[in-house]
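Presented sequentially are two complexes of chain A, the first with chain B as partner and the second with chain C.
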Partner chain A sequence: MSINRREFLKRSALVAAAAAIGVDSILGNTIKTIDKTGEAGTLQTKGSVAWHKSVCRLCGVGCGVMLGVKDGKPFGIKGDSENTINKGLLCVKGFYLHKMITAKNRLLYPMIRKNGKLERASWEEALNLVASKFKEIKEKHGPDALAFYGSGQAETEETYIANKLFKGHIGTNNVEGNPRLCMASAVGGYTTTFGADEPVGTYDDIDHSDLFLLIGSNTAEAHPVIYDRIVSRKKKNPATKVIIIDPRKTPTNKIADLHLQVIPGYDLAIMNAIAKILIDENLVDEQFIKESVNFSDGTNPITYDDYKKFLGKFTPEYAAEKSGVDAKDIIKAARMFGESQAAMTMWTMGVNQRVAGVFLNNLIHNIHLLTGKLGKPGSDSFSLTGQPNACGGVREGGGLSHLLPGHRVIANEQHRKEIAAIWNVPPDAIKPEPGKHTMAMFDAVAKGEIKGIYIMCTNPAQSLPNLNKYLKGMEDAFMVVAESFHPTETSKLAHVVLPASFWGEKEGVYGCTERRSQHMVKALNPPGEAKWDADILIEIATRMGYGKNFEHYTSAESIWNEYLKTTKGKDMDLTGATYARLRKLRGLTWPVPNENHPGTWHRFTEGDPMLPKEKAAGKRMYFYTKPDGKAVVFARPDKGPEEPVSAEYPYVLTTGRILEQWHTMTMTGQVPELLRAAPKPYAEINPEDAKKLGVSNKELIKVTTKRGSLKVEARVIDRPRKGTIFMPFHWPESLTNILTIDAVDAGSKEPEFKICAAKIERA
Partner chain B sequence: MIIASMIVKTMLGKAEEVTLKLNKLPNISTHGIYKEDNIIVVIEAEKEEELESFAKYMSSEINDVLGVYPTFISADSE
Partner chain C sequence: MLKKYFLILSLIIGILLVYGFTDSGQVKKGDKHPKVDWEIGCQECHKDATPEVYVKWEASRHGEVNFGCYICHGDGQEVFYKKGKDDRCEGCHSTQAEDMKKTKNKSCFNCHNGHSLKFHN
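Now for the complex of A and B:
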């Protein structure tokens, strides 16, 4: 590399860094950007590198990234300093996105299993096989012998096509996606409490809050850019406080003012106790409660007084006994929350992946409704999402077995008719009964009841709980896997593997945690024979005889335009989020009902374009997705875990994520730098437990649950609570999910990945 | 040749101390402290391995670092 070239790159690096922190001068030298925004959302440099506006492929934060392309190949990555979410900052995973594109294990051509081995095949052969086999299964066993399992990482356009094919044409509602495993309880919480899914506010609330309650979330590692925004708020306003409720000490604790290190599974008692203290100490907003809140016991309406009686037993002392947390800290947390001017609660898998996940979501919303800390700057109950398009493609796009696009439900006849009309199918083409949820779907696969399944952009043979129960069935079924990488634990079991375009190689839209839809440009051609997932599905639809309703699509934009029709007039109206706007803007937060609308910060209050002004008159918030405009405070019992510890299994096993890896490592496992940073599986064990068991740091231990055993390295560290071990689930060579339990929340059907009983021995 | 930039964010009042520690690391140059607690860092490395675990090292080994946020990376074979 010449000095000039090196200096050019170094200068580019400095410009990107300076832009990320809003600085235009470094060491006295003015740094001027050399980029110019192009009409199609592409930034061009003076050299031969073209920088393309996109969205990070990994978690659900929705960070803007610029993909540099030179000579048709990925050149580099920089944070998008114009993006309102991350303002140019990235995390270490997003830093290596360009390396995932060029990974050695990119799948380049279709493969079909022949004589027990996956062999290269032509697209024609593979597509004909999938279409003919699916038709045969439908004819012999009915449409419900088929299923689709998608992803919160697929584009909205891809999920929309899959939904239309399976629900509208094949005739089965067995359409699911991996958000069932991570976000379903948040959906259940929002829909039961507010009448509609997704948060009231946006990330902008972080910049106005003076109290953050982080529950079941290691924000610093799982959502680093959100963590940075909290840190920035705390620095700007030193009076800002952070409360953490979590069984582990994590890097997020660096900014904690109070940590309630709860016994896993027993935080519902704490949340009810906080609600009781808020009421007892008159820290509630009685006017807001009167105007905008109903009460329910989960089955029937109750009165405010009934609710107070229900809370009677949830004294700080009771909650302390149940949760293992000091009663004084529970009181302190309640007062900090109640006395704050603006409070934001954020949570993720520690709340959702529980058999009481929906209940706990309700209890979080409860304290915001009781105090009126909602729908105003700095106040929100805000669920953090794990995947980049779980909200957009699956929750909004209706990619679950009980949903239809545009926040509609299968069970509603009018909803089915509306979608059938847009899909150009008869009104009764969509079945009235919801399909099988994820765990029921894979149970039916294991039992041979579902005989053909199409899996797109996800890896259930590693990510499902209690894996040993399901793997054989997946191997026996006619399983089609559309993936960018091979092998994965799932593609290894497939009958047909189809090579799919990856991030940067396809155009589409991602919708992130804060209701923001963002456009991603196609900057590269896919390698080998890989194709866009939507094109693959359209080819299969055509071969199955449904071509007339799929062949009119000419581009991702044409699919998006049809999808927009499903949102018109709904609470999540995206009509104004056209490709023309999205290509130029850094996304839009719905509702955005027309092309002049700037997007919405807070729903259900002034400024929400969908607010029925006459009905809402005189009220600060009107929840128009509820029949009488009132949200619901639920009296929920402090339900514990499905599998409490016992004499035989005395430890709580909890699973989760680490900074350098993401989910099943299909992507991050292709980056040597990330692999070296976190090379092998391990289990965190509390030093007191290690001493009791005679286990040393880095010694091999055997972790056993009722479902299986694994040998992993012990990491003796003061992070998990005594009596708890923590295992990341990333490494395919050591499948943590053979240990986890597949019991699900009764409402959301989300499994309890976070808690099961285990025993530990020296290996 | 790998060139990358990052923002290292520190506890309030600790940026200078952290900068001194960073300046001792190989292949790393710091380019000032901005807005009290943001250190601009550029890494120039011959091999990708030299970037390995940088963020992890910073976050875990230097107590006053609150976060390490990459902003740019390029890999150019010229």
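Now for the complex of A and C:
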């Protein structure tokens, strides 16, 4: 049955109203009630509200939330005032989590495509079909004709099971996840610069910083609680300054002291110019550089002098000409950064979703290494994560095609052997070559080379770039989609759709931006026939003949305990983060090598339990994940975008997010209040551009790129830089990603969602 | 007989309408927004319609962090609360709510202005 959103909302209200007076829905669309006899149903007595400690399901900040349950049903959400991250505060999306649990688009039973239509099926039929079809594909075409595409929203336990099944048993490294689309360049930056993924510090640094450099981050809308912490810091310490480098004026500008409104794609020149000014004006920490820094041109080591020579061309004037920003502002930004006592740079998709994403990440780390503004209170180069468990499940859990759990890589034989031993498979069971990265994976699906794909907890048919190239292949392949919601753009194309338990209905761990792992309680039973994703994967593993290595799991905790073995002794040691502790605490920041350890604030310095004390003696920071303990300052060229503007396509299209919606709206699109705030798709256009094109506010415009066209309402507003239009990608009825480019960063393989060339006409 | 069924049916529909569209004696649905324009967000209209309210809100801590109208007032059509309710505040300010319960105050809004959030204003 297809209904539009407005109709849906009207019906939701009627159902809610009917429920309030204790009658069934007059539309006959009652929400399935929770089984009160089940495990979760026994957690509270009838009539009283029990509040359960959990973690927000949405962005990567990792706010603590309390889920209220009454009579086996979600009652409400409160911020967890004891959580150190949000101290009780919530953003507008987290505020409505309980409404997402009971959303009308919850998927209640398995479905199989028959005669072109998805029809209800039994679990037995669906699981047997998936297992037999996957076996058949493996036998006929080899294991690499199969693939898994997961999510930074899945629990660590779920991703761990998928990784073990596909890499360790089916025998393909074609295991990817949507963090490839958002965080891969940050991973590339951290691993090349520091030798290991994830930040040195934590959110606590915010409360000690007096300079925030926000680059490619609309923190106010994409990470609202972090924004709130910056606002609080600024109020408490009015000397605190905020610099923004971004092509748009955004709500974050409310707290900006300086905004460098850069032409999209040309901020690398600015970062190199800032590094040059810091050195030229002696705002660097020479002692720190001597002790803890190496220099590289990306291929070979270079000297500090070589690096200075490399920076020679990056004068403020050169950077100004390239970036469209005033040279004086670049100098001002460099001085503000260099003269600050403690500085934090924070960034997200505006830096990562670029063909120069890893380079730009390196350039950010450069200015912190040159000034020694790292590893001490208030100073860090701190990447903001987009999803709640991208760091935990996928980056730490090894849920990408080149990774293995515990910060290991496929290409390392010793790493493969260590994981094979924990998985109880032969040492050579894991293939030595990395699998296909996300875009190569969906390209192989489009070409028919990958014939079977399992998609868990994500919606690539809306979130991939250059969608028109990939949708047909997804429809033709044997595509299994495990989801809590239906229809999504992806589940609509699936051969088999499996109903998955949602947040609050399953136990597990999320690991957020600041290296903090937090426990999520199971407080509700799933509706209908929905099952926990890990259970679904174990059922498939068993039916494929791999049962002996999966049947021993008795709970989420038993999977977590096995995962902990993969982290022992690693830089991300989580051994001390047992379920017993996590259930009580508001998470632990790794490394946390034993059960008495309180967690680590700053890595690579005093207080880091993994620090090799003898080697580090006499040095403030020792990067033990690098062979000689030194991090690397990279001489990276100011690489521009893949598709610069041209005479035919004279505008830059940049895409992104708004406060009230999240990703593909599968969850937030079900909340009337959030829809009310931003009811329909739009494109922001600068007033000067609008005047030139003769476009008025709210007029329909046609946006065209080399890949497709879309008609959308113009919002004439002084937000995007002249020559740039901004389109959120949330609304499924208006797929912004048919316009975006699928060119990827050479290192991270992350696509350049943020920049492509477009033309605009009145529709 | 038919008349009796009709009466019962009318009564049920009446109850549905009254209970379905009211909230603890708050303004009936549609009273304030009989023709909400679903094409625009709350702020877009209220910037012009009630500028004094918008300015107060924008300068407040809620405005600072973009905590929008809908948090306290509902979506404006299906759910509309004319006056904010304490349970909305408690979502983020549970500690303060606990403290308030120790006082004689009955509502957060006894002391805090709903839009500026200023104390005793």
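The rule is simple: the second predicted complex is superposed on the first by the 716 of 763 C-alpha atoms of A that agree within 3 Å, B and C clash if a C-alpha of one lies under 4 Å from a C-alpha of the other, contacts with A are read in each partner's own complex, and residues count from 1 in each chain.
Heads up, the rule we're going with is that contacts are C-beta pairs under 8 Å (C-beta built on N, C-alpha and C of every residue); 3 or more make two chains touch, one makes a residue touch a chain.
Bear in mind that the values here come from a model prediction, so they are computed numbers and not experimental data.
J.: Name the contact category of A:Lys680: first (chain B only), second (chain C only), both, or neither.
T.: Touch partner of A:Lys680: chain C, not chain B.
J.: Check whether A:Phe75 is in contact with chain B, with chain C, with both or with neither, and answer first, second, both or neither.
T.: Touch status of A:Phe75: first partner only.
J.: So in the superposed three-chain picture, is A:Ser463 touching just chain B, just chain C, both, or none of them (first/second/both/neither)?
T.: Neither partner.
J.: Taking the superposition on A as described, I'd like to know which of chain B and chain C A:Leu659 touches: first, second, both or neither.
T.: In the superposition, A:Leu659 touches chain B and chain C alike.
J.: With the two structures laid over each other on chain A, which partner does A:His98 touch: chain B (first), chain C (second), both, or neither?
T.: So A:His98 only meets chain B here.
J.: After overlaying the two complexes on chain A, where does the chain B footprint on chain A coincide with the chain C footprint?
T.: Common to the two interfaces on chain A: residues 6, 9-10, 12-14, 17-18, 20-21, 23, 26, 76-79, 88-92, 95, 220, 224, 227-228, 231, 251, 254, 659-660, 672-673, 676-677.
J.: Chain A touches which residues of chain B in the complex?
T.: 1, 3-7, 9, 12, 31-32, 34-38, 40-42, 44, 48-49, 51-53, 55-56, 59, 66-76, 78
J.: How about chain A: which of its residues touch chain B in the complex?
T.: So the residues of chain A touching chain B come out as 1-2, 5-6, 9-10, 12-14, 16-23, 26-27, 68, 75-79, 88-92, 94-96, 98, 220, 224-225, 227-228, 231, 235, 251, 254-255, 659-660, 672-673, 676-677.
J.: In the complex formed with chain C, which residues of chain A make contact?
T.: 6, 9-10, 12-14, 17-18, 20-21, 23, 26, 66, 76-79, 81, 88-92, 95, 220-221, 224, 227-228, 231, 251, 254, 659-660, 672-680
J.: In the complex formed with chain A, which residues of chain C make contact?
T.: 15-16, 19-21, 38-43, 64-71, 74-79, 87, 90-95
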